[in-house]
Structure formats: C-alpha cells, structure tokens
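First chain written, first letter: the chains are A, B, C, D, E, F and G, and each begins at residue 1.
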Amino acid sequence: MKPLDLLQQSLHKRVLVEMKGGRSYRGVLDAFDQHLNLVLSSAEEVVKDVSTPKSGLTVLRGDSVIYVSP
Amino acid sequence: MKPLDLLQQSLHKRVLVEMKGGRSYRGVLDAFDQHLNLVLSSAEEVVKDVSTPKSGLTVLRGDSVIYVSP
Amino acid sequence: MKPLDLLQQSLHKRVLVEMKGGRSYRGVLDAFDQHLNLVLSSAEEVVKDVSTPKSGLTVLRGDSVIYVSP
Amino acid sequence: MKPLDLLQQSLHKRVLVEMKGGRSYRGVLDAFDQHLNLVLSSAEEVVKDVSTPKSGLTVLRGDSVIYVSP
Amino acid sequence: MKPLDLLQQSLHKRVLVEMKGGRSYRGVLDAFDQHLNLVLSSAEEVVKDVSTPKSGLTVLRGDSVIYVSP
Amino acid sequence: MKPLDLLQQSLHKRVLVEMKGGRSYRGVLDAFDQHLNLVLSSAEEVVKDVSTPKSGLTVLRGDSVIYVSP
Amino acid sequence: MKPLDLLQQSLHKRVLVEMKGGRSYRGVLDAFDQHLNLVLSSAEEVVKDVSTPKSGLTVLRGDSVIYVSP
C-alpha cells in the first residue's frame, strides 16, 4: 500500500498536522489529495503553544505540510 | 471529495488567507484554481497587526499560500 | 472564472506587485502568463521605502510574485 | 537497481528518517512512494534530543525528507 | 503578447538582471529560454556595490532570476 | 555524455556527497536515479566535523544533494 | 540560440560555477544536461576564499547552480 492509501484510514478522524514555519493544526480530516492538500473541520491552530480555534473548513496547502499523524 | 471541491464552498464568502512570510489577507474569495492561486475582492492585508485595505481584485500566488479558512 | 482570467481585467492598468524578499513594483501590466511571469512598463521598484524608476519593460519572474493588486 | 527499489528492503523494518528543519523520526516503515512520502508506525519524533512517541500511523511528506537509514 | 515574447525585444541589448541572494548582473542579453535561463555577454556582476567584470558568456539559471529590465 | 552517465562511473565506489544544510556523507554509491536520489552503503555522516557511522543502506533524497564527488 | 546551446561552447573548457549557499567551483566542464546538472573534472571548490581540490569527476546538481561563466 502507498502512503496516501494509508492516510485514507485517518479520514473523518482527528489528526495533528505539523506545518513548515512552526505552525500545527488539530482537526478532523475531511479531505486530502495527492499533493497532501488537506481540509480540516473543527480545527485549531497552534503557534508557539498558543491555540486558536478556526471556524468552518480550513484548507491547508500540501506544500507546507511536514507530517500528518493521529 | 477533494480539498479544492470543498474550497468551492467558500466561493463568494469572506476568507482568511495565511501566507508564507508572515502576511495574511481577509477578503471575499472570487476565484481559485488548482494551484491555490486566489482572487480576493474587498481585501485587506495584515502584516504584524497592521491592516491595509486593498482596492479592486487582489491576485495571490498559490505557491505562497499556507491555508485558507472562513 | 479562474484567477488568471480575472488578472486579465488589470491588463494595461497600473498594478502593485509584491515580491518575495521585500521588493515591490508599481507599473502598467503589459503582459502575464500562467506562471504569473509579468511585464510592467513605466515601473518603479520599491525596496524599504526607497523608490527607483525603471526604464523600458521590466520582466518579473512569476516564481517570486506574492500578489498583484490594483 | 534504483534507490527506491533498495528502500523496499527496509519495508516493515525500523528506520531513522532525518527531515529538513532539524526533526527526525524513528519507526517502522509501513509504506513509501516515488516522492519519498513515508508512513511510519510505532514512531517517535526527535527534535533537539527531545523524543515524543506518536500513536497510529505517521505520514511524512517526501519533500521534507533528507535521508532514510536503518 | 506573453512576457517572454516581450523579453525578445531586449535580445542583443544591455539588460540588468536582479537575482535572488543579492546579486545582480549587467550585460548584453544573448539568449533566454522559457525557464528564464539567460546568457549575458560583456557581463559584470554586482554584489553589495562591488562590480566584477566577467569574461565570455555568463549562463544564469532562471530559477534564481527575480527580474530582467533594460 | 550526460552528467548522470558520468555518475555511472562512480557506481560501487566510495563517494563524498555534500548536502544542503551543512551535512555530508561518505560511502559506497550503490544506486542513483535521475533525481539524484542516492543509496550509500558503509556510509558515515559528517556534520560540523563530527562523523557518525550509518549501518545498512542510507537513502539520500536527491533534492538535498549539492554535489557528488569521489 | 538557446542558453544551453551557448553553454555547449564552454564544454571541455575551464568554467567557474557559482552555487547557492556561498560555494563556487572551478573546473573543466565535461558534461551538462537541461537541468544544468554539471560534471567538472580537475575541479576545486572555493568556500569563503578557502580552496579545496577535488579528485575525479564532480557532479553538481543543477538546482543549486546560480551561474556558469568562463
């Protein structure tokens, strides 16, 4: 199986996304594509231990993603 | 559904766009493409808490986008 | 409509181009392509509030463009 | 043989992954693709000698990978 | 017209090329391609106001080019 | 002959690989591909003059390679 | 003529290659390809005015090249 097939297992579950530049996001993974563009719902952004809730759907550009984990 | 299909739901609504390099933009999402190039109308730019209104249509290059959220 | 179709509306009008690395340009948009390579005429370059007029046509590489606005 | 054919030999074995930005990961290599996107299980993240265990499957974006070794 | 068609007008004329990393070059534009790879003859390199003449043909990689102007 | 054809001459010989970010590797070149992804055996990593031996096969992502030399 | 056709004129001649990150190389250009991957023989590396001779063939990844000149 390929990495993106395994990411399928995290669909509709809460994930942690670490981004380049020191940001991270927690939220429910609603969608992703082959570039690792991601959509999170019920997301919160964490920058330097400060957490900010995000309303609606947050679209993250895959190019800035370092990793996705549960 | 794919991330860019879900971004379709934000079309013609106000969004927050976080960019690489510490800039962010608020405005109405008038258009986007598969590279996440975006067009905002009635936009304002925020750099280090200083907000600058932008007249007309602002075209943002997708390559500098980190995320788009409502 | 797609972002680059909307950029068409700025053709032959004055635009502000913000570039990576802290440069910006003001000038008349004479041409652009799908990479957001741009050609400005009657351009001036602004780096740290110092403005330098540029004679002739200035070709900006799209890869360094952050945004284009009126 | 090509590099990714040889990486096949590390499948389902513990690997060390060094990433750009000073992070590294240890875990069992469950999947990889031609971009060097990787999936690790039983992973731990090491940043500046601080180790954090990660539950479930960690998907690492190939673009940030520097090397993979046993 | 497209940006690279307009660059055609600068062929065999003196241009200023601003590069990422603080370098710039002045010289006669002898050739370019769609990546904005450039060839200058009679070039001089300027780094922090220090000018160095270059003999022969200087091939600049397009990927580092910010702009080309007369 | 093309660069990667000449790299073929270093196959199964010891090489020095300089990477972006200040790392270098010495080892036997077991495989490479057109992206300059490399596999080294009997490798040692050198960061700031500190050498660390690596067991097994080390897969280096081509994107971080600066040069390969004997 | 295109830039890479003109680089053909430097084949088997001594060139100076300036790389991103402050390195430069002098050597005989034995091969190049469309990515500006280069092979130098009888090369020496110069970092901060310290010159190091390189034995055998040095393969430079095009992605790090800024310019090639005689």
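Quick notes on this structure:
Criterion: a contact is a pair of C-beta atoms (placed from the backbone, for glycine too) under 8 Å apart; a residue touches a chain by one contact, two chains touch by 3 or more.
A quick note: this is a predicted structure, and the numbers were derived from the prediction, not measured.
Counting hops only between chains that touch, chain C reaches chain E in a minimum of 1. Superposing the C-alpha atoms of chain A onto chain D requires a rotation of 50 degrees, rounded to the nearest 5. The geometric centre of chain E is 33 Å away from that of chain F, both derived from CA atoms. Per-chain Cα centroids separate chain A from chain B by 18 Å. The centroid of the Cα atoms in chain B and the matching centroid in chain F are 41 Å apart. Shared contact sites, meaning residues of chain D that touch two or more other chains, fall at 63. By the touch criterion the chains form one closed ring, and its order from chain A via chain B is A, B, C, E, G, F, D. Those residues of chain D whose C-beta lies close enough to touch chain F in the complex are 1-7, 9-10, 20, 36, 62-63, 65-70.
Of all residues in chain E, only 19, 21, 23, 25, 30-33, 37-39, 43, 54-61, 63-64 touch chain G in the complex they form.
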